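Look for chain A in each of the two complexes below; its partner is chain B in the first and chain C in the second.
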Partner chain A sequence: MDVFDLIIIGAGPGGYIAAERAGSLGKNVLLIERDQMGGVCTNLGCIPTKSLLNAAKLYRSAQESEKMGVTATSVDFNLTTAMKWKQETVETLRSGITFLMKNAKVTVVFGEAVCLDANHVQVGKTVYEGTDLIIATGSSPAVPPIPGHDLPHVVTSNEILSIEKLPTSLAIIGGGVIGVEFASFFASVGVKVSIIEMMDEILPMMDGEFAKLMRREMKPVEFRLGCKVTEITRDGVKYTDAKGAVQNQAADMVLLSVGRKPNLEALQALNLDTNRLGVVVDDQLRTNIPHVYAIGDVNGKSLLAHSASRMAEVVVANLYGENKQKMRYQAIPWAVYGIPEAAGCGLTESEAKKSGREIVTATTQMRANGRFLAEHGKRAAGLCKVVADAKTKAILGVHLLGPYSSEIIYGAAAIIEAELRIKDVKEIVFPHPSVSEIIRDTLFAIEGTL
Partner chain B sequence: MDVFDLIIIGAGPGGYIAAERAGSLGKNVLLIERDQMGGVCTNLGCIPTKSLLNAAKLYRSAQESEKMGVTATSVDFNLTTAMKWKQETVETLRSGITFLMKNAKVTVVFGEAVCLDANHVQVGKTVYEGTDLIIATGSSPAVPPIPGHDLPHVVTSNEILSIEKLPTSLAIIGGGVIGVEFASFFASVGVKVSIIEMMDEILPMMDGEFAKLMRREMKPVEFRLGCKVTEITRDGVKYTDAKGAVQNQAADMVLLSVGRKPNLEALQALNLDTNRLGVVVDDQLRTNIPHVYAIGDVNGKSLLAHSASRMAEVVVANLYGENKQKMRYQAIPWAVYGIPEAAGCGLTESEAKKSGREIVTATTQMRANGRFLAEHGKRAAGLCKVVADAKTKAILGVHLLGPYSSEIIYGAAAIIEAELRIKDVKEIVFPHPSVSEIIRDTLFAIEGTL
Partner chain C sequence: MATEVVMPKQGNTVESCIILEWKVQEGDTVKVGDVVCEAETDKSTIDVESTAEGTVLKLWYQAGDEVPVMQPILTVGEKGEKVEKPASVVEEATAPPTEQATEKKAEEVVTPVPSVVASGEHGVSPRAKGAAAAGGIDPTSLTPSGPKGRVIERDVIAAVDGRAPLSPVAKEALLAQGLEAPRQGSGIGGRVLSSDLVDSVQPLADVAFPGPVEETPVRSVRKITAQRMHASLATTAQFTMNAYADATALQSLRARFKASAPELGLQGITINDIILYAVAKTIVQFPYMNTHFLGDKMLTFTHVHLGSAVDTPKGLLVPVVKFADQRSLKGISDEFKRLATASIAGKAQPEDLSGGTFTVTNLGALGIDTFTPVLNVPEVAILGVGGISMRALEDADGDFVFIPHIGLSLTIDHQGVDGAPAAKFLKALCANIGAVDILLAL
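Now for the complex of A and B:
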């Protein structure tokens, strides 16, 4: 029987980072993957969507830049070419990960894993033994038991990434990040898009004021908020609207993006504690079974690729490193790569208030920002909000809606993690002109003194 | 005679920020400007160039996105419209600054200032008295005494921003930031561009490896390095090349961008200490004359808009605030908004070595980065280099060449200012996928351990 220091199930951004870090430390690592290297992130999530969204942005800017002096006729979007570019991107990254695994001397096995106990995992007819086990099996799109969910024109985020023809109209059930990103893509390339959301606002992690502006900026997408879907039919989606009236949203394709469920199939024999989110873990990602760790989507703590990778590092550091670590969640950035972009890190104003803290906050408009103005003009919209502790003046949250948000937000993570106060950040020099400056300007809006 | 707490000469990003901060603190402030609100930055520098460069980027992406599925025919660039957009941007920002001054109750006077002594400044026939004086008169393009420099087709960065017709060919004398940004713009919109630089590399603040890649990526711009211009003629530029041979660069327009000189005209009577860079100041921006401060380009310490603004804040904080400050230069970011972009903060590898420090460093390729790959493909080039202290592991410098660099770099300023070490930044979660992640990946390339 092959014996390993560490067995990892799932080669997504949790699993492959754990494998790479442990392998680089000289550990004998086995990585098991049932589908493709890179998991959902590389193959069906972050990467393919960003590839398509970038094409959609370029398509729009080719049409909308006349006021800046750039004209073009017969601007066209070719889905087949965009899908091919997307596929090449995915394949390049996948080979990159394979190369990383090779470099870190990780043994990779493809196949369906079945955990026999904390130290034994079977793939096909082979049983592997390991001292420690990391479960990084990820999650899958949840398919709610709505009548009609199995009709051929109903897809999840998995299938929609390989369609061969654009629909004429798309109804999206669920206004979370996945729903909003696909809405941005399809609406930008000319599809009539509607989002039907049960809650009374989209993007629950986002500040309410920002979510409202996001909807406005996503015009022509139609938003049906507070609406409960009752049935999917061959030509649309039936729902009860916020006033209780029965409505029908016509659509020739329906995307289900109502959430994700943890992949627990491989773990039956382990007797792990689970809750409705997934495998229960502590702040070191330990499960209730010694030597068994659960990282990434499968523990339901933070369904983000970069959270999974960070969890991987925490586990590997605690197993083999000198620098013992805990997983912290207070400064994990999120980004919506829609059109426009949005991103945030730390507490929203309402979360901070709910926590009972006294806070100070300010919101500023991007149209006062030099670079934003130069690139988008004075009629464009964008926002920045900063939330800080009223007593310590430590920065608790930074929220952005507008261009470059996803690239700017990591700095907010650094600021929050380093526990910088308003005064400290005011002494940092931001480059001019940049959209990033708006964070500093917002601090001066909170507290004008030097 | 009108008496003020503070007189400020020059309404650029040094002067207007000083006025706004002091005015907001309730001080009675006079701001004198001889030309237009916002200074070089708003009217003839940062803002107009970014406006034009953005148009050039859009023009290129409209032509170059076929591989991602976006096709367009007869893509055209209209200079008149681009200039109009640029002008609107400038005017909007200018009114924004005027509004800020009004809000902060700053008295604004337009006219040529003449300092009579440390407390008296004359504009036209009026003499104003002030307790303290901030000199923020800025700088102007240096015009070297090359024969032919006064020919009608020879321009500086001032005049080139209001040309009405694109030249067929442009020779740029000087490969600093200004030269490189204009080269990116003009080459992108179809002008044949050459840069003639006396030193053996462009962009002196940039890491040598990055400057070399920048040149390669700026193709089709032709670079003449180590070349000394001897004369400008009606149809070109004569220079002696690196091997001593006399050469001629044909061009129907010539841009002089060989540096800037401090504006000292208003200060004759003050008897200020100056050196070849400008007015001599200490780390609180004090000149040799009590109550007289010099901020921004006029002191020659750091010719960047954001440095000027920060200097303004330091002076105002020390004059009126509780939080006494010193001007620090170790974490001032710079950015080149060329095509591609580049940015840096802190020490380059060679600067760190020259300072006698023991350092560790790593350079990584952007083509391993998921977002970069999704948006630019595997044949595109980009780099990140991090320089850290070998003993303390504190991060000393971050250098980027590639998309979003100018928006990412402020985070490096925060990291360097907060004196974070490699280990600290590894524990910060960066959003995936983002180009910003490359900074963290570069830290793992320096030191793989967790």
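Now for the complex of A and C:
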């Protein structure tokens, strides 16, 4: 029987980062994956959707850039080619991860893992023994038991990435990040898209005024807010609207994007504490069983690839490093790669108020930003909002809507992690012209003087 | 010819330096370039070198003094040469000093020159102040290692050393609110965030307030003590007076007993035994102190049954030396020893612990000076015995001498006895303790 320092179940952005970090420290690491290297992020999430969304963005730009002097005639969107590009991207990244594992001398085994106890994991007929165990089994799309959910034209984010033909109309149930990103893609390539959302607003982590602007910018997507789906039929989705009236949204494809559920199948024998979100962990990602850690979506703390990777590093640092680390959640940036793009980090205005703080805040329009104006014109939508503590002037949250938001937001993470104050950030030089300057300008909008 | 060595100029902004340590003494020989002292500016610590050769005739300042730059700090010349005090050292040059006055004044300049430091912060060097602000530390909270109890830069560096960097918010909060920062915070790379400062007031990060608590039921000795103490304070009019008795005779007597022949069996007589003896012999002259107050009547006892508090593993017990007034010092000592041993072992009988007419309680061995004993009701008085300490007294020649004294605290129940009669008893007791060797004749 093989004995490893560390066994990791799941090769997503949590698992493979844990394997790479521990492997490069010279530890004997086993990584078990039941499907593809890279997990949902690489194969069915972050990466393939970015590939398709960029194609949609180019398609739209080609159609809309006449006012800037570029006339493109007979612009077409070819789904088959776009899917091929997407597939090539995914496969390149996947082999890159495989190479990383080889480099870090990580043993990789493919197959369904079954935990026998905290130190033994079975794959097929082989039992592996390890000193420590990291569970990084991720999550899967939740499929609520709505009548008609098993009809052939009802898909989740998994299946929709391998469709061969664009639908004419698409009803998306759930206005979260996944729903909004697919809506942006399909609407941009000419599909009639509607989003049916149970809550009063889409994108719950987003500041209210941003979500509203996002919806406006996503035209012609139709939003059905405060609506509860009662049934999916062969030609559409039946729902009760905010006023209680029964409505029907016609669609020849239905995307279920109502959330994700933790993958706990492999863990039955461990008797782990779990709750509604997943495996219960402390701030060092420890479960109730000694030597067993749970990172990424499976613990439900923060369903983001980069959160999973950071959790992996915290666990590896605590297992083998000199300084004990704790997982911090207060500065994890999120991004919506829709059209337009949006990103945020830290507290929204309402969250900050709810936490009992007195706050100061300002929102600025991106059209005042040189690069934004040059590339997108004065009619395009773009916002930046900064939330700061009124007393300490520490920056609590930064919210962006507009191009490059996802690229800029890491700066906000650094600012919030370092607990910088408004006056501290004012001393940082931002490149000009860049959309990132909007953050600095917003700080001066809060406090006009040096 | 005498030459003055000045505090060198340190750039354009430094107005003064603090002399940390003199490296030369008056009378030492110095050459040009020899280090005469170490000084601290708000920017650095510098070695001040001599600019003259010869004998150090006079150091014009003491370590710890703050000296404006270009001011003479010492005078070098030929041995025995007369020293002229530099004009700049004069604090108030009202009139040209005479030759004699100069000599006198030169002695006086060793007092600190007017400082440029703001009042209240005299104890912090400018450089330490700068380092403290950068490190988010309240310099006045540090243990000073500089001359004259001044906090200098190295004190701040020692305090900051090894601590993770502070976030700007944490730094500001630390200075403004006087909190403590942990060595490691919860931020990036252990950075100390403002939330860590709040955490730092908790004794342990992983223990929720208030931490482990042990529950103990109130029973047996604790319960009785609680009831009796509460009843004592609730039902009497307690009033405590403090006095000191000369303990010279007491200490020498105790020393002589200790050194006495073993066969006499006097070696174990303690200070407390001697006090008990003095109380027993004194109180018979003050029968109103040997009294029980019972509300509608008072019982005054002819004989003294003397209680003395004993700290036992179970709690406070007060065994009673019966007929103490009739016992010799050795008799009191032996009986009390027997009772105390039994009490500590949990073997004291109820009759050993009751029937007292007056109580003595002694906290002197625990470093207590004076205190307010709580009456052992229905007794009208209790004597608290404190430790022995030196008290300065004026002797017949008008000189001050230090005499060991023992602290005595007498609590009375003002319901049963008044202040003046009680004070008379305490005065007599002090006198008797002061002459306890004579009292032994009784």
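The working rule: the second predicted complex is superposed on the first by the 450 of 450 C-alpha atoms of A that agree within 3 Å, B and C clash if a C-alpha of one lies under 4 Å from a C-alpha of the other, contacts with A are read in each partner's own complex, and residues count from 1 in each chain.
We take it that contacts are C-beta pairs under 8 Å (C-beta built on N, C-alpha and C of every residue); 3 or more make two chains touch, one makes a residue touch a chain.
What you see is a predicted model, and the numbers here were worked out from it, not measured in a lab.
Colleague: Looking at A:Ala269 after the superposition, I want to know if it touches chain B, chain C, both of them or none. Which is it: first, second, both, neither?
Modeller: neither
Colleague: Quick one: is A:Asn323 in contact with chain B, with chain C, with both, or with neither? Answer first, second, both or neither.
Modeller: After superposing on A, A:Asn323 lies in contact with both chain B and chain C.
Colleague: Give one of first, second, both or neither to describe whether A:Thr392 is in contact with chain B, with chain C, with both, or with none.
Modeller: After superposition on chain A, A:Thr392 lies in contact with chain C alone.
Colleague: So in the superposed three-chain picture, is A:Arg421 touching just chain B, just chain C, both, or none of them (first/second/both/neither)?
Modeller: In the superposed model, A:Arg421 contacts chain C only, not chain B.
Colleague: If you stack the two complexes on chain A, which partner ends up touching A:Phe430: first (chain B), second (chain C), both, or neither?
Modeller: first
Colleague: Just to be sure I read the superposition right, which of the two partners does A:Ile409 touch: chain B = first, chain C = second, or both, or neither?
Modeller: After superposition on chain A, A:Ile409 lies in contact with chain B alone.
Colleague: Counting contacts the way the document defines them, which residues of chain A are shared by the two interfaces, the one with chain B and the one with chain C?
Modeller: Comparing the two interfaces on chain A, one with chain B and one with chain C, the shared residues are 323, 328, 417-418, 420, 424.
Colleague: If you look only at chain C, which of its residues touch chain A in the complex?
Modeller: For chain C paired with chain A, touching residues are 167-170, 172-173, 184, 186-191, 193-194.
Colleague: So in the complex, the part of chain A that touches chain C is made up of which residues?
Modeller: Against chain C, the touching part of chain A is residues 323, 326, 328, 389, 392-394, 417-421, 424.
Colleague: Chain A touches which residues of chain B in the complex?
Modeller: Residues 13, 21, 24-25, 41-42, 46-47, 50-51, 54-55, 58-59, 61-62, 65-83, 85-86, 88-89, 92-93, 96, 304-307, 309-310, 313, 316-317, 320-323, 325, 328, 331-335, 343, 368, 370-371, 373-375, 377-378, 404, 406-411, 413-415, 417-418, 420, 423-437, 439, 448-450.
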